[in-house]
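Dropping a structure here in structure tokens format, bear with me for questions.
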């Protein structure tokens, strides 16, 4: 027994989560291209396999056999650490997210890798290492575009990390716990998006900045910075940065689902809705959020960097604090 | 308890294996044809003249410093949020004072133009 | 458990040596990130989940980001290190001796009950203000964060409120230090 599981159950869980996340991330790149194509009245990738379904595999194989180019005046160690840390931190932060609980023959099966009574803080902690991945990767290359991209990325990440944390606290107040499973259980009456609409909006807005996505994709603004912090990366090292970015989309959408959209709970607690298994509900909600993120990317123009920073500090941060005070007062008075 | 974290340790091992293995794989499989041009950082075709590492706008440092301050605040708010119900009105008053003090700080920083990027 | 604790402590010590010995300032800072993370893991192994998260989020995730920002962008040259001679060893021995003395003295203030490390009782019985007993089972039933919060927001309310003043002073200091010339106009 390791944790609550037999060792082989744990092994299967881990392999499924790692390979699953990598596969989902790969297919999200295809989804992104398809969605953008539809929005721009194009067809999108359709040559490799039916409907371009094998495109991600082709991309992976192509990246695998590409040359690793690197500027000669780079910092050798940190240049290697950057992409691995970006992908690693993103993958690791998914470990604490509960996808559901099932009871089979008196055996309680938890659809997560690890469980912690401060799970939410663990995720915030692990994802704070992502700041280093972007900054050091950009700095190590010793290229002007990379450095500017890395600098922008890290300043943006830390600024919005607080806005996001303050938004999450609103949900924590109602749940009274940092345990992600208990937070989901607390939503059996009503999802927190109903009780905390402002917090959900603040979190989801911050999530765009946390994942460096348009309209907050300043760190890799193509028109000014070529590709930002990963300009100098090629082959699968570039692939790892890309993977980290898409896994991060899954992670922030999963956190939003767990804290605001009722996690694995069905939309109505009766038949036929509760016939669909919990993990499917969870993944469905995540898919909807990810679709919205793609939709937004291909709809809104990029912000200016100073606007982006002052939006985080002067709008999201004070609103988050006000939300905490109001929520806290209501909850304390009704207790 | 402690054994709760053993799965995370195993997971960490797998993630490390993946994050280190994947780039080594492409390093082993990819071609290697170095040339002087490939060794230069990309600058839209212009040969770079100086190191990229130079001093940047002070705003980045201010952001990092203010981040620490508000990050500490958020870490105090998380435990408070878990026991709002037990603390009742007392908890609201004490956190109200705490947040008000920090809002004064934010307002000061704002008025002094430290949040301005130009 | 003890083996794991030993490995983590060893890693913390090695990375702490890296902070002192590496020639590049940025590598020193990154070694410090590792050291602080390992200290966090020690907290976790002592069943202090909340402290673990705080250590990671505040130290590794916030304070060190500022360090790395400043070091990477001011780009100091590799430092000139004075050569070690017999006088440095006397200094090292003195520091090590004082540290061990401090630990031995502090050890007398900490009494372990039967619960071993995890049930540690901190402080002396003659000083009730510092005496808390938190059996692991009770803490886990109430929740680690809830236990910390219960103490922090009742018994230690004054230090908590003073923290907000400290943070306010820090914010003012940050603005003052980085004030630009034309901000007055």
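Each chain gets a letter, A, B and C, in the order it is written, and its residues are counted from 1.
By our rule, contacts are C-beta pairs under 8 Å (C-beta built on N, C-alpha and C of every residue); 3 or more make two chains touch, one makes a residue touch a chain.
Just so it is clear, the structure is predicted and the values come from calculations on it, not from any experiment.
Novice: Could you tell me which chain's Cα centre is nearest to the average position of every protein Cα atom shown?
Specialist: B
Novice: Which of the two pairs, A-B or B-C, is linked by more C-beta contacts?
Specialist: A-B
Novice: Any idea how many Å lie between the Cα centroids of chain A and chain C?
Specialist: Chain A and chain C have C-alpha centres separated by 29 Å.
Novice: Report, in whole Å, the distance between the mean C-alpha point of chain A and the mean C-alpha point of chain B.
Specialist: Taking the mean C-alpha position of each chain, the two centres sit 14 Å apart.
Novice: From the mean C-alpha coordinate of chain B to that of chain C, what's the distance rounded to whole Å?
Specialist: 19
Novice: Which chain A residues reach two or more other chains?
Specialist: Residue numbers touching two or more other chains: 116, 121, 139, 151, 158, 161, 177-178.
Novice: By the touch rule stated above, which residues of chain C touch at least two different other chains?
Specialist: In chain C, 50, 53-54, 57, 61-62, 65, 69, 72-73, 140, 143, 145 touch at least two other chains.
Novice: Two-or-more-chain contact residues of chain B, please, as numbers and ranges.
Specialist: Counting only residues that touch two or more other chains, chain B contributes 5, 51, 53, 56, 60, 64, 66-67, 71, 78, 80, 82-83, 86-87, 91, 102, 106.
Novice: Inside the complex, what are the residues of chain B that reach chain A?
Specialist: 3-8, 10-12, 14-16, 18-20, 22-23, 25-27, 29-33, 38-44, 48, 51-53, 56, 59-60, 63-64, 66-67, 70-71, 74, 77-78, 80-89, 91-92, 95-96, 99, 102-103, 106, 110, 115-118
Novice: Would you pull the chain B residues touching chain C in the complex into a rising list?
Specialist: 1-2, 5, 51, 53-56, 58, 60-62, 64-69, 71-73, 75-76, 78-80, 82-83, 86-87, 91, 94, 97-98, 101-102, 104-106, 108-109, 112-114
Novice: How about chain C: which of its residues touch chain B in the complex?
Specialist: Residues of chain C touching chain B: 1, 44-45, 47, 50, 53-54, 57-58, 61-63, 65-66, 69-70, 72-75, 136, 140, 143, 145-146, 148-150, 152-154, 157, 160-161, 163-165, 167-168, 170-172, 174-175, 178-180, 183.
Novice: Residues of chain C touching chain A in their complex?
Specialist: Listed in rising order, the residues of chain C that touch chain A are 26, 30, 33, 49-50, 52-54, 56-57, 60-62, 65, 68-69, 72-73, 140, 143-145.
Novice: Can you check the complex and tell me which residues of chain A touch chain C?
Specialist: My answer: residues 78, 116-118, 121-122, 124-126, 128-129, 131-132, 135-136, 139, 151, 154, 158, 161, 177-179.
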